[in-house]
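Below is the structure I would like to discuss, written out as structure tokens.
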Amino acid sequence: MNAYFNNIKNGIQTVFEGMSISLASFFVHPITIQYPEDDISSAEKLKETYKGQLGPMPENYRGILDVDLSICTACQLCVKACPIDCIVIDAVKCDKSKVQGTKSEKPAVKTRTCTRFDIHMGKCMFCALCTLACPTGAIVHTKVFEMNKYQLQDLVLSFVSEEEKEKAIKRDSELKVEAAAEKAAKAAKEAEKTEEEK
Amino acid sequence: MNLLTDTLGMTEFWANVVIMLIVCTIVFAVFALMSGITSWAERRIAGRMQSRYGCNRVGPQGILQFVADAVKLILKEDLIPDGADRFLYKITPYLCLMGVLATLVVLPLGSRAMMVADLNVGVLYFISITSIVVIGILMAGWSSNNKWSLLGGMRSAAQIVSYEIPVAMSLLTPILIAGSLSVGDLLDSQGWLPWEWTAFQTPFSALAFFVFFIGSLAEGNRTPFDLPEAESELVSGFNTEYSGFRFAVFFMAEYGNVFLIGLSTTALFLGGPNLPGFLQGNPFLSVAVMMLKTIFIMFVVIWLRWTLPRFRIDQLMDLSWKYLLPCALIAFFGQSVFMLVAHQIPAITQITSIVVFIVFLLIMIKFIGRIRTNYKEQSIPVGLN
Amino acid sequence: MTSELKTEHITINMGPQHPSTHGVIRFVIKTDGEIIHECDPDVGYLHRGIEKIAESVTWQGFVPFTDRVDYLASMNANWAYCMAVEEMLGTEVPERAEYIRVIAGELNRISSHLVAIGAADMDMGAITPFVQLLREREYINDLLEMICGARLTYNYYSIGGVNYDLPEGFSIKVMGFLDHFEVAVEQMHRLVTYNQIFINRFANVAAVSPEMAMDYNFVGPNLRGSGVKYDVRRNKPYSIYDKLDFEIPIGTASVGTLGDCYDRYFVRVEEIRESVKILRQCLQQIPEGEIQAKVKNAIKPPVGHKYIRTETPRGDTGYFIYSDGKTSPSRLKIRTGSFTGMSIIPELARNIFIADLVAVIGSLDIVAPELDR
């Protein structure tokens, strides 16, 4: 009998309390970020249109990957770090600054240059292991998260254009020819030397 | 009527038919519009209670959402599951809708003159016609050839049949006060001031109001009594297999039911369209008052849905038989005794009603206080941006 | 009238696409009307072969896959795996990294429990508390996004420490959030946890006695809900948990029988409060220093095996690793809490209502991807 009346009492009390809470939240401003209207890329831009409590996108947000080829050394560490093999790098050895046309005081040093740097964003799982492995910070996550494409192959990001690739290969073969010529010259010189010695 | 028979030369029979059709169209249009708007309002209110916006894309504040939904549903393919009882499956949604719509015959949209028919057994008609819905739901569950639907239908039958009783019992109290079964007389027995409404006449009628409101929630399959469709248990129950226009009709019946709960509660307990003496019978004002009260009750119904968890089937039966039915009986006997006493001492009626109303006001003040504290608690800043 | 009515049990498929199974789990139930006669859980719909994947990726490369084992508590799954590899290598994790690990792990525990209790509420038909609790989880996601840049699959822990240091002003933001959170969550409990309808739905349903819980190998909050005071964080302390002051909540049969759905549910509620306590302590005590121990690029742990137990939100999660000295594990086995919770369902779901089965699933906090791996 006691339990019966307790049930009624508690029922009415808790229902009233519950109703007061849901009505109170009726008056609180919604926290939804209206996606295309509100720009979440930075705190200032978010505050312009959004009045809720959620925070903006942080600086270290892990969006789609971007590669700075001018500092990439084609060391393949990211390829090794990637657990799902979505990065493919082909490289040739050549003086990169000359190929890329960057003006530098220093004489052109022979380094590896990418002839192919493809990232399959359809496979990528945004784990950031490649960015952590990169010794120069060439591969980074950007804050871009809109990556819808109509074709699957459009999801493959190619950072080296055909032109650059050809340039690099051309320069590579040039260098190879130069090196061969040099070698030949050296060999000839040496041969001369030995002949002279004889 | 005179216009039709005299100027257009119709016989009385045909004039009646024409008037009937016009009235039907008006009532149906109001009903359809209200159920559409209710579905929009429910989504908006639920959204705000859950810190989100709800639908706000179609039209200003998303108010055209229900039109878009209806268009989408009508364009969908009308699937009939394999092995279904095709005839029953097809007619069921209309049966459900009919059960809801037919109730509107005795409920006023405005003043007493604006009822389709002021039957002298209006309340009886109201109680009995609402039971048609249960046949519809049971048929829907049976004919879909789906076990979840069948369970939903069975639950609904058990639920509505058992809740008929406390609802009918609680209606005895206003009937006692009015001394009539006609809804029009019930309206006339109430005044325009809150303490002249049936709900606040005596503590017993307040109890009856409470029982009636809970019972009609259960009959309308609204949370916390939405077991027949219990989304997380029965995968929306009896209407699982329905699609397209038939689903739209079910949908309309469901939201129409909310409108009906509001309308019947207002008419029977909350003073209906009654206005102060000098304004009595003003058609526009009475419609406005009626709709205002109805919309408030509808808001409460929606508000309850987004607050409370759902009962289990046995607890639902417990509530009906162990809690509501005794309450309804207490209300009935209490009211009878009170009326006997009031017959001797007439002054007691006025005093009790004012006291009941003041108690109600005090509860409301406490309630508003709780809302304020909860609101303050919710608006503590998070400090993320 | 003497002939009896012919009745039969009906067989119903609950799932794999059912709103209350929280993912793709299937229950084949035989019911007598509303009452369940027999329930046969069918798992494996979400099997992705994560244990097999481990054998073909590097030791570090497997960390993001542990995120996918239990997407609601990725941090804790990362943690368990990294700890196992560290034990094999004998790496000492810097103290600051340990503190950061506890902070991230406890934040993730809170967010996971929020989903657990929210989903239980939603199964009972109370949708508003679910969405409101998810709102609080969204703030935690924002905080975790601040430290690692991702919102769901964090990949924050690395072998030997953590990947990134805490951003500037992080502890102030967490403190500010906790002040809001404690009040807001308490309010949500007033809305649903203490609600009489809700209590009636959960109390006295599917009670698991302590003996039965141990027989069925219950772990984590489910075990504690049955009144057994066992928490890996206390009984076999790892990381810095022995330095921290917190309680182990257990089921007390406050409204029903010991070990019923409400007890299991309420243990999670209490655990959120304890996690808040732990967070406050850690944020005050956190020292300066390194966040990453020196670990080689290509890890090759010595030949041998290791089993590590950690307390994740779904209980005692174990990572068994067998190494044959190569760059990837030779065999890896993950033991999860959801699976043990699942195995008791045929026993519990006997002679209860269909609606109660939903309550049981909700209170056991079963997460499908963790169940199937």
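To keep things simple, chains are lettered A, B and C as they appear, and every chain counts its residues starting from 1.
Here, a residue touches a chain if its C-beta (ideal position, glycine included) is under 8 Å from a C-beta of that chain, and two chains touch if they have at least 3 such contacts.
Everything quoted here is computed from the prediction, not taken from an experiment.
Engineer: Give the label of the chain whose average Cα location is farthest from that of chain C.
Structural biologist: It is B.
Engineer: Please indicate the chain closest to the centre of the assembly, with centres calculated from CA atoms only.
Structural biologist: C
Engineer: Approximately how many whole Å separate the CA-defined centres of chain A and chain B?
Structural biologist: 57
Engineer: What whole-number Å value describes the gap between the mean CA coordinates of chain A and chain C?
Structural biologist: Roughly 31 Å separates the two chain centres.
Engineer: Distance from the CA centroid of chain B to that of chain C, rounded to the nearest Å?
Structural biologist: So the centre of chain B lies 43 Å away from the centre of chain C.
Engineer: Give me the residues of chain B that touch two or more other chains.
Structural biologist: 49-52, 306-308, 374, 377-378, 381-382, 384
Engineer: Residues touching two or more other chains, restricted to chain A: which are they?
Structural biologist: Residues 15, 17-18, 21-22, 25, 31, 53-55.
Engineer: Please set out, as single numbers or ranges, the residues of chain C touching at least two other chains.
Structural biologist: Within chain C, the residues that touch at least two other chains are 128, 132, 135, 139, 142, 187, 191-192, 195, 197, 200.
Engineer: Within their complex, state which residues of chain C touch chain B.
Structural biologist: Where chain C meets chain B, its residues are 10, 12, 18-20, 33-34, 121-128, 131-132, 135, 139, 142-143, 172-173, 176-177, 179-180, 183-184, 187, 191-192, 195, 197-198, 200-201, 353-356, 358.
Engineer: Touching chain C in the complex: which residues of chain A?
Structural biologist: Residues in contact with chain C: 7, 10-11, 13-15, 17-18, 21-22, 25, 31, 53-55, 57-58, 60-62, 77, 80-83, 125-129, 132-133, 141.
Engineer: Please name which positions on chain B make contact with chain C in the complex.
Structural biologist: By the definition above, chain B touches chain C via 46, 49-52, 147-148, 151, 154-155, 223-224, 226-227, 230-235, 306-315, 374, 377-378, 380-384.
Engineer: Applying the document's contact rule, which stretches of chain C touch chain A when the two form their complex?
Structural biologist: 57-58, 60-65, 67, 128, 132, 135, 138-139, 142, 145-146, 148-150, 153, 155, 158, 163-164, 167, 187-188, 190-192, 194-197, 199-200, 297
Engineer: If we count contacts the way the header does, which residues on chain B are in touch with chain A in the complex?
Structural biologist: My answer: residues 45, 47-53, 303-304, 306-308, 322-323, 367, 370-372, 374-375, 377-379, 381-382, 384-385.
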